[in-house]
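Each of the two complexes below includes chain A, the first together with chain B, the second together with chain C.
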Partner chain A sequence: MGQIQLNQVTKSFGDVQVIPPLDLTIEDGEFTVFVGPSGCGKSTLLRLIAGLEDITSGHIAIDGTDATDVPPAKRGLAMVFQSYALYPHMSVRKNIAFPMRMAGIDQAEQNRRIDAAAKALNLTDYLDRRPGQLSGGQRQRVAIGRAIVREPAAFLFDEPLSNLDAALRVGMRLEISEMHERLKTTMIYVTHDQVEAMTMADKIVVLRAGIVEQVGSPLELYQRPGNTFVAGFIGSPKMNLIEGPEAAKHDAATIGIRPEHIDISETEGTWQGTVGVSEHLGSDTFFHIQSGLSAEPLTVRAGGERKLKYGTEVFLTPQIEHLHRFDQHGLRIA
Partner chain B sequence: MATQHSRSAARLMMAPAVVLLLGWMLIPLSMTLFFSFKKYLPLRGDSMANGLEWVGFANYTRFVGSSAFWPSVQATLTIVGGVLIITVVLGVLLALLLNQPMWGQGVVRILVIAPFFVMPTVSALVWKNMFMDPTNGLLAYLWKFFGTEPIAWLSQASLPSLIMIVSWQWLPFATLILLTAIQSLDGEQLEAAEMDGAPSIKRFWFIVLPHLSRAITIVILIQTIFLLAIFAEIFVTTGGAFGTKTLSYLIFQRVLESQNVGLGSAGGVYAIILANIVAIFLMRIVGKNLDA
Partner chain C sequence: MARSVTQNRKIINTAAAWAVGLLIFFPILWTILTSFKTEAQAISDPPVFLAFDWTLENYGVVMERSNYMRFLWNSIVIAGGSTILGIIIAVPAAWSMAFVPSKRTKDILLWMLSTKMLPAVGVLYPIYLLFIKLGLLDTKFGLTIVLMLINLPIIVWMLYTYFKEIPGEILEAARMDGASLKDEVLYVLTPMAIPGIASTLLLNVILAWNEAFWTLNLTAAKAAPLTAFIASYSSPEGLFYAKLSAASTMAIAPILILGWFSQKQLVSGLTFGAVK
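The block that comes next holds the complex of A and B.
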């Protein structure tokens, strides 16, 4: 069980309101990702849910019961911190046992849960080591182990992978998704990395300056971004956003087109431009093309074999059915 | 410092300092050892020029045989132990308190450190005359205010009074080191413990205190070195009376009051031995905190 409901929640630090009134429901068993640029209030929101910060006004309900004034320990949530926050003077076993020890669970049950968690997380050989003797990935696993043994109503992750190197990050991403499939527990995951959000989430909550810009499944957000911010934030490389007369032709203030929805040709097309830097990824090639349409170069995806020299004149044709249109407030038109 | 050349140059550069330090340490030490085996009573006409009589271990047996010896060792250990306990316990509590965000934090921290800047002689005299004086002291007024007979602190409760004075001097040192240690504690660890269901007392016991263990070790070791040799506080308050004669004070009396250099030197060697015994004990107990 682990349905979390935020009702008109606000948070102010002094005079500065970092979270304006916010409503959000996280369903039981859902993997929800809060994503947004740094300083958008996503970590604050997580800490409000955890109870590490007091909310200024509004209500938080966990499983239908009001938890606004419940202390963090009593909310039945477990949190994995960015710095892992392992206790450096305790062995891995003691670290994992700590929450159970605080809850007064008997020793036999503690050992059973520790062994189960260690086995699931490949930590069995490291139980007697100190955190300082472990690698980053192993520390991360210990932090997750410490969360799992509590059998919480929901897991909260605060940018857990940002201290790992790229290869480990991909591995841990899969492990966490795997864990979610197995445990079917509610998880809330905070990240600034939209790739993590896209790959892991059931539901993505895009935040900017404490305001929820859009909520939806990864593909919904990708295919039908609600405004220019979400359009620009979700997807890598970014969506091309074009303003001005070219947008006006489509009855919009801004039009957006993803790199994979532009056809590139050396002979004919709607838009004209000059090839800038090309990035060869093997499977795909991204061309950055200077055109008069926008200040930033347009990004165009082509097949991995496609080669175009720097400075080549090319023509671009957007696939009209994949064109996104936004009004002068940045909101999606139809 | 990789090449042969730079290594030998470095040795050459360091040599004067090393020689100076060695001399500074070895000459007094060997002279103490030398005198401790000699009969040297300047008032009876003994002098280096006349040649000193070799007496073997006579000074050593006489120093230990004196009725003042064991009480002095006991007084030394009581003072060191008492001050260590008070400064570490109060130091941890004060550091916790000063770590809380509050108005005027900077000023309060400086005020807390202030006693450390007062010379031992001065602070002991201030305590003796302003606080502990049985007729005019502030504490006497306090006692009278509550209708009880004032205590003659330095004669009736001499050791506790001395421990109080010395603790007051050393508390800032302990607080300062422990405060910096507390400030280096990762806040996320405390939050993690909070989420793990540890109330504040348990967070202190399981997270903060282990984090402080290394700093506490350093405080204990450094303070012990200085506390074994406290002298000024005793000299200006009790003058060694009322059971406050520490080992270092006893040596002072043997050398300067009895004018017996040989006996005092033997006492000095005992003091070195005592300091080493204490140091070994401390290293055994707390030294492992310095690893890792």
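The block that comes next holds the complex of A and C.
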């Protein structure tokens, strides 16, 4: 069980309020991702849930029980840190055993769980090594192993993949998703990488300056962003946002259109522009087109085979059914 | 470009380093040499360096005249006891300053260090009176407490510096793993800080071992450590240079040997965190 409820939670450091009153419910078994630019308060929020920071006001409940004043050791949550935070003076086995030792679990059960975790995480051959003798990916596996054996109510991940190289990151991402499918335990995952958020989450919480901008499934956020911030943050490459007269034509202050929802043609179309840099990814090609509609060039996705020379005059046609409209406050117009 | 060091340069540097080392070591060397001379040779002018009749006579006289083992034992108890007691008090203090600092932590650290700037004699009177009232005069216990208090600022300060090098996330991980404060300090912080704690321990044993002001003023016969043993051979009358040197050599030998064997630990501890 691992339902986590935040009720009017706030956090201030001195006079600076980093989390204004916030309500959030994370359902049991859900994989929730907190995503947002750096400094948006996502890590602070995770640390409040962990109990590593005291909340300034409000309440936190874990499985319906008030946990606001419960110390981190007693909350029954496990955390995986960005820096791995392994105990350098202990072997891998002792690192993984540490939470069980603290809980007073008997030796036989400890060994059983260590062996199971080591097997699941490919660490069996490394149990007698020290963390200093492991690679980054292995260290992160040990950190995860240490979290698993506690059989926690929920896992908290604080940017766990940020210190790994790109290839390893994709692999670990899959492993963590796999683990979630297997264990069905609540997981809260903090990242600034919206690709991680999109690929792993059941539910994404987009944060900016401590404020929850939108909560929803990855596809909900992608297809129906609630405001221009979420529209620009979720999706890669970003959604094209256009203000001014072109937006006014659609009765909006800002309109948004994703790169894959613009058709490009050399002969006819709604908007006119000049081809700038092209990015060929093999499967897709992204064209950056100077159009005069917005300060930034528009990004357009085309097939992998499509080629257009730098400086070519082209026409763009947005697919009207996929146009997003936002009012002067940046909020979505239904 | 890496700095290229020529062979000549190396030789000059090495020679200079040895010269400085010998200069610092010379008084100790001279004391040791004098301890093997006769009293007459010890004050001869010009002084003799090595060409004298080596004798163990002074050691014999010193051993005969005073109970060296009792002084040694007192030194061990006082230096060891005050250091261990100091560490036990300083570990939690340094933990709180390093990991849960308040607005005043820096001030407290500086204030603690400022007590070391006070001349010891300034508090001799009150402490002496306290010792009389509490019946602590000439007791190992009293001296242990005083030396612990005298060195506590240095112990806390050193441990604070070492603890600051330990990433807070590791302690947070321990907390998340269900460790109580006691477990966190005992199983995670202390083992990680072993090099730092060891060098603090060594340095304070040395400081306490060599402390002379309080040991001379607060002891008479029963609790007197080796510093008092040396002092008992300094006399305004008579020829005592060689015997004084023999007593000094016997007093510093244990700590010199300890220092020699732990020099690696001392150096690594004192430069802890300087290079990652």
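Quick notes on this one:
Note that the second predicted complex is superposed on the first by the 334 of 334 C-alpha atoms of A that agree within 3 Å, B and C clash if a C-alpha of one lies under 4 Å from a C-alpha of the other, contacts with A are read in each partner's own complex, and residues count from 1 in each chain.
One rule holds in what follows: a residue touches a chain if its C-beta (ideal position, glycine included) is under 8 Å from a C-beta of that chain, and two chains touch if they have at least 3 such contacts.
In this text, all values refer to a predicted model and were calculated from it rather than measured experimentally.
In the superposition on chain A, A:132 makes contact with chain B only, while chain C stays out of contact range. Judged by the touch definition given at the top, the superposed model places A:26 against neither chain B nor chain C.
When the two structures are aligned on the shared chain, A:60 is found in touch with neither chain B nor chain C. In the superposed model, A:146 makes contact with both chain B and chain C.
In the superposition on chain A, no contact is made by A:18 with either chain B or chain C. Residue contacts after overlaying the shared chain place A:72 against chain B and chain C alike. The residues of chain A shared by its contacts with chain B and with chain C are 50-52, 71-74, 77-79, 81, 83, 85-89, 98-99, 102-103, 146, 150. Looking at the complex, you find that chain A touches chain B at residues 50-52, 71-74, 77-79, 81-83, 85-90, 98-99, 102-103, 130, 132, 146, 150.
Note for the complex: chain A touches chain C at residues 50-52, 71-74, 77-79, 81, 83, 85-89, 98-99, 102-103, 143, 146, 150, 156.
Those residues of chain C that touch chain A in the complex are listed here as 167, 169-170, 172-180, 183, 187-188, 191-192, 194.
Contact residues on chain B toward chain A in their complex (touch as defined above): 186, 188-189, 191-199, 202, 206-207, 210-211, 213, 292.
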